[in-house]
Amino acid sequence: MDFEFVHNDERLTVRAEVGKNSIRVVDGDSEISYDFFSADGSLFTISANGKATRVVAVKDGETIYVSTPGGDFQFRLPPSVDGDTFSEAGGGSGDKSKLVAPMPGKVVKVLVEEGQAVTEKEKLVIVEAMKMENPLVAPYPAQVVKINCEEGQLVDTEIILVELKELEN
Amino acid sequence: MDFEFVHNDERLTVRAEVGKNSIRVVDGDSEISYDFFSADGSLFTISANGKATRVVAVKDGETIYVSTPGGDFQFRLPPSVDGDTFSEAGGGSGDKSKLVAPMPGKVVKVLVEEGQAVTEKEKLVIVEAMKMENPLVAPYPAQVVKINCEEGQLVDTEIILVELKELEN
Amino acid sequence: MSLAKAIKKILVANRGEIALRVMRAAREMGLGSVAVYSEADRFARHVIEAEESVLIGPPSPLESYLSIEKIIDAAKQTGCDAIHPGYGFLAENAEFSRVCTEAGLIFIGPGPEAISLLGNKLISRETMEAADVPVITGKKIASGKLDDFRSAAEEIGYPVLIKAASGGGGKGMRVVTDPAELKDAVEGASREAKSAFGDETVYLEKYLTRPRHIEFQIMADEAGNAVHLFERECSIQRRHQKIIEETPSPALTPEIREQMGVAAVAAAKAAKYVSAGTVEFLLDEDGSFYFLEVNTRIQVEHPITEMTTGIDLVKEQIRIASGDPLSFAQEDIRPFGHATECRIYAEDPANGFLPSSGKIVYLDEPSAANLRIDSGVYSGCEVPVFYDPILSKVITWGKDRRESTRRMLLALADYKALGIKTNVRYLQAILQHPEYAAGNIYTGFLDEHFPGWTDERPTAEFDVAKVGAVLASLHQETATSSGDESRRGPASIWNQLASWEM
Amino acid sequence: MSLAKAIKKILVANRGEIALRVMRAAREMGLGSVAVYSEADRFARHVIEAEESVLIGPPSPLESYLSIEKIIDAAKQTGCDAIHPGYGFLAENAEFSRVCTEAGLIFIGPGPEAISLLGNKLISRETMEAADVPVITGKKIASGKLDDFRSAAEEIGYPVLIKAASGGGGKGMRVVTDPAELKDAVEGASREAKSAFGDETVYLEKYLTRPRHIEFQIMADEAGNAVHLFERECSIQRRHQKIIEETPSPALTPEIREQMGVAAVAAAKAAKYVSAGTVEFLLDEDGSFYFLEVNTRIQVEHPITEMTTGIDLVKEQIRIASGDPLSFAQEDIRPFGHATECRIYAEDPANGFLPSSGKIVYLDEPSAANLRIDSGVYSGCEVPVFYDPILSKVITWGKDRRESTRRMLLALADYKALGIKTNVRYLQAILQHPEYAAGNIYTGFLDEHFPGWTDERPTAEFDVAKVGAVLASLHQETATSSGDESRRGPASIWNQLASWEM
C-alpha cells in the first residue's frame, strides 16, 4: 500500500506492507523489514536487525508528528480535495510582499509610513508576543504600499500587516 | 439518564445528566452538580463547590476502574443479555464446596486424599504462584469428595481442584 | 508544622511550573493552597492540580495575574492567610507586598521597603557601595532623556548595556555597540520594561565583554540572621535570558567563592533583607566580581541549589514568612555534588527563538534517578500566547559536573514534546559543545558559538520516522484530539483572542 | 570512561525494574547493554526500552532467566563482554559467576569463591565468628533430617526460625512457635528454597522476638579495599519480605553505627569480598547485634543508600568489575538526610498478600522533587504470573525522617495503578501509624499492628467515584484496550499458560 505525506513542502510516497507486528518498507529495489510494538498507540518500539528505536508518532488533525532519537519530524496528510494547493502552516501565502505576524500578539510599534521606501532588513512593525518583541523586517528594498495595523492592536497570523512593493536595485 | 453498574455484587443505579463540562447527579431529593475536565479521557478533575478532586476512571472491557484520593473502586457494567447471573470475577461460582486456585499457578503439594475427613482451615492443596506458596484450606469441617489435580500440574482459576462435602458438627 | 504566625492556606499568585512548585511545598507542609487563573488558563495544569482555584480575569496579565485587587479579593474569598507571588508578575512589586500586609495577609517574600530599595537598581547600587560590596566600574546613571544616555555612553565608552531599572529576566535589556543603535535600544527596552514591569525607567552601564553571570542564593529571617546558600552559574543565556544554570560554578576558586559569599551576605544585611533572594554578580575574566542586582524573589533556577544543599527554599520562605527563624546556620550548609538545570521553552531556536504557542499534542517528560522535573504542562494542554513560554525545567544531579551533564543529556534525549517547537535539541547541542564541557562559558557564549544554529538531523533517522508516520496514519486520532475530550477541552487560541477583544 | 579492563557492552541477566536500573547505569557510562527475556516478557518494559534484546526461552524461570547456558549464549551472540545479574535469579549463583569468567565474560559481582562461602549460611557463620563478627546466640545447625531439626529446636527453645541455606528475600523461611508445626515448616521451606534457589537445604536458628533488621551496604575492590556505605533499616516486612526500607535507622546511636560499620567491613574482608554486597544484622532491643548473612548482590533497596550518599552503586559495581579501584575511601562517604523506599507489589494485602497478575489498565507513577521511581512496568502492560510480583519502587529523600516520610505519603497518594491489586493503600496505612512515626519498628511490626488489615474507604469518595464511573462509561475504551494496539499487544495470561504447556 502507498502512503502519501507532505514533508517540508514536498510530496512523499512510502510504499509499505503493514502486518500485525511488522512493517515492510519498499524503496525501489531495496526493502527493509521492521518489527514494531506500541503499548499506547503513540510510543512505538521499532526494530530492525535486533536494534530497537523508540519513536513517538501521533496524528493530530492532518498533521503527524514523529519524534526520533535523531530529532523530530513533521508530516502532513496530503489535501484530499485538491492535490495542488498546500500552503505552509501559519505562514501565509508565501508571497514575500505581504507581511504577517509570525505568531498572534500585539502590535507595539509601527516604524514606517505608507509610501515610504525601506531597505532590506529594515524593521517595519514590532509585534509583542509571549513577552518578547518580534520585529517584522523588509525582505528586500521596497516601498510600503499599505499598513493594515496600528499600535496596540491585537493581531493573528492571518492578517496582512504590511504590504510592500519590491524596488529594483 | 440512568447509568447501571454492579459494585460489590450489588446493582447500582446512578441518575445523572451529563453536559459538556458538568454533570448533575440526582439521588432521591438531593442533587449535586459537578464540573469536570479531562485532558486525556482517563484523569478527571471533578469539582463541586470550588473543591476539586482528581479521579482516574478507565473502562477496560466490562469493568470500570476508578481511583479516588480515598481509595480505588471497581464497577462492572451489568450483563446485557441475562440480568440475573453475574458471578464474582475469578472466584468461581461462590459454592464453597468447590475449591479453585486463587490465581493461576502450579500445584506443588496435594495434602489430602479422596474420602478423607478434614477440619476447618485444614490445608488441602498448595499452589505456587509468583514465587509464593498459597494454601487452599477447607472452609468448614468436610469430607474430600474428589481431587482434580496432581502435584506439578499447572492450573488456572477455573479448574475445580478439590470438591468437598460439608460435615455436620 | 509549628509555624510562629499561623499560616493555614496560601494563595499562589502565579501560573505554570512555579505555581505547582509552591503548591507542592504547601502540600508537603500540610497547608492548604489556592490557585488563581485567567480565562486563558482555564485548563492549565496549575488549575487542574489545585485543591481550589479562582478565576481572576481575562487573559491579559494586566487584568489578571498583575491585578493586585483581584488577587487580594481571591485570597479573601477563599479564606487564605498568606500569598506566595512566585517569580515574575507581582513577585517584585513593592506595592503588592504592602497591600497584602495591609489586607491582613502574610506576604511570602520580603517587605515593601526591601523590594523598593533593591528593585531600583540606582538606589541599590548606592546601598551596596556603602556596604563595601563591589559594584561595576564605569557604571553611570542617565535620566531617561536620550541626550543624557548619549553623553553617558560616550563617557563610559561603547559597548554599553541598557537595562530596565525595575527589571529582571533579560526583559527590557539591550546591548549597544554602535551609537546609531542607541535610540532604538533605549526605546525598545523602555517599552518592554513598561509592559513587563509597569515601569519604563531604564539606565545604562558599562558592558563587560566576557563576563560570567554568577549569583548567590541568600536567605534571611526577621530576626536579622542572613546566610548564603552558595552560587549558581547562569552564564548560558540567549536574548539575555538564562537557559542553562549550574552549581557549583566551574570558574570559582574556594577563595573567590568565599569572598563572593561574604559580599552576598553583606548585601542581604545592607538591605535588611528577609526571605529568599538572589545577589547577582558579574565575574570578570581576571577573577574580579561586581554587584549587579538583587532579585527579591524565588528564582526560576532555585532547584539546583535545593539539589546540592538539600534545603527546600520554598518551604523555608514559608517558615520565615510565618516569623520563624532560619532553620539552619551558615555552617550547616554544605553543598554536595553538582546540579544542572535546563529550561524547556516553547520557542524555535533555529528561527530567532520565536515563541511557539498552541497545543502540545504529545508530552512525555523523563523520569529517572537524580532527575527532577518541575513542569507546568501536560499532554494535550494549550500553551497560551499571553505569557512567558517556559514549559518545564529539567534538573539533574551528579557527583560531579561531568556526571550531572551526562544525566542531563540523557534526560533531554528522553524529553518528548510534540505539536509545538521547543529548545530541547538546542540545549543538547550546547551541552555537547567541547567548550561547555571544559567549563569555558560566559554570557556571550551562545552568541559566539551558536550564531544561526539550525538543527541537523541524521538522515538515518528519517527512515524510521517514515515508519512512525505510516503507523500513526493508520491509528485513530490521539486521545487528546479525538472524542468528547477535545470538544470539552481548551478553546483554540482564536477563541481566546476573540474573548479578549470583547 | 577509563575502565581498567575494557567493558563495552553489558548483558543484563534479569527482568523488571532492576534490569532497567542496570541498563540506565550502562547508558550513563556510555556503555551498550542487552536485555534478555522469556516468552512471557515479550512486551515487558525492560525489553521495550532495551537497545538490544534476546529471547532466551519459555516463561518458566528454569528455562529462561535461570538458564546459565542460554544467558551465556545470548551474551556471546550479541558481543557482550560483561554480565550483570541484578538481584534474584542467578545473582547469587556461584556456578554462574564461574561459568561467566570461564567463557571470557566479566561477571559484575563477586567471584564464585565468595558467593559459595557466603551463600552457605553455615560456612559463612564460621568465617564471621573467626573474624570476630558477632553471630546470633543459640544458633544451631541441623542436617536436614526432621528428627535433627526437632532436637535442635528443643535445645534452643521455641520460637525457632527455619531458613533456606542458599536463600534470601524471605523465600524458604518459616517461624515455628509450636513443635507440631515444625514438619510442615521444614518441608514448605525446603520446597520454596528448591524452587527459588535450586537448593533445598534449610537450617534452624534462634528466633529473636523483637529484632530490627539492620543491614550495611559494603563495597570492595580487587585490590582488597573495603568500605561500608552505612546502614539501611529494613524492619517493615510482610511474609518475611521487606516492603519499606529507610536510612539512617532511627534506632542506631553513633556508637552502635560505628561498631556495626566496623563489623560489616570485617565481614567483607573475611570473605575476601569484591563488588557491592550487604551485611545483614539483627539488632536486639538491648542494642546488641548479630550477623545474619551477607547478600552477595545489589539489593532491591540499594537506592536509599544512593540517595543519602550520592554514590551510584551500580556504576561503581561496573567500575570494580573492570578492575578499577574503589573511587572513594571510607572518609569520603558522608550520608546526608534521610531516604525511604516503598516497594509496590502486585498483591492484595487485605487477602493474605495474594499476588495479583494481569493487565495494568492504567498506570500513572508520581514525579516530584526528592522523589525517585524505579519502575519495571507501564500503562497497558501485563504482570505475568511467573515472576516476583514487584512492580516498582518509590524512593523519597528528605532532610530528616519526617520530611522523607511525608514526601513518601504524597508520592503514594499520587501513585495510580488500576487493573491489578497493589499494596499502595497498605503502605500508606503503615507510614501513618503513630508507632511508625515514632520509629518503633521491628520485624514483627506488621504482624502486631496490622493483623487482618483491610482497606477502609471513606464513603464521601464513593460519590465522586460514581461520577467517575459515569464519565468512563460514556468514554470509549482506553487506548491500551482498544483498537489495533490491544490485538497486537501482550497475549492474555491464558494464552501464555497454553504456550507454556505445549
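Brief remarks on what is shown
Here the chain labels run A, B, C and D in written order, and each chain numbers its own residues starting at 1.
The rule is simple: a contact is a pair of C-beta atoms (placed from the backbone, for glycine too) under 8 Å apart; a residue touches a chain by one contact, two chains touch by 3 or more.
No experiment lies behind these values; they were computed from the predicted model shown.
A centroid comparison over C-alpha atoms places A as the chain most distant from subunit D. Note on interfaces B-C and A-C: more C-beta pairs are in contact across A-C. For the pair subunit A and subunit D, the distance between C-alpha centroids works out to 50 Å.
Each chain gets a centre from the mean of its Cα atoms; for subunit C and subunit D, those two points are 41 Å apart. Centre-to-centre, using mean CA coordinates, subunit A is 29 Å away from subunit C. For subunit C, the set of residues touching two or more other chains reads 474-476, 479, 483-484.
Multi-chain contact residues of subunit A, defined as those touching 2 or more other chains: 38, 41-42.
Considering their complex, residues 3, 5, 12, 14, 16, 18, 23, 25, 32, 34, 36, 38, 41-44, 46, 53, 55-61, 64-73, 75, 77, 102-105, 108-109, 126, 128-134, 154, 156 of subunit A touch subunit C. Of all the residues in subunit C, the ones that touch subunit D in their complex are 24, 27-28, 30, 303, 306, 310-312, 334, 336-337, 365, 367-370, 372-375, 397, 399, 403, 406-407, 410, 474-476, 479, 483-484. Across the complex, subunit D meets subunit A through its residues 43, 48-53, 78, 378-381, 479-480, 483-485, 487-489.
Put simply, subunit B touches subunit C in their complex at residues 20-21, 37-42, 45, 50-52, 54.
Against subunit A, the residues of subunit C that register as touching in their complex are 171, 188, 191-192, 195-196, 239, 346, 352-357, 359, 361-362, 364, 385-389, 413, 416, 418-419, 425, 455, 457-458, 460-478, 481, 493-494, 497, 500-501.
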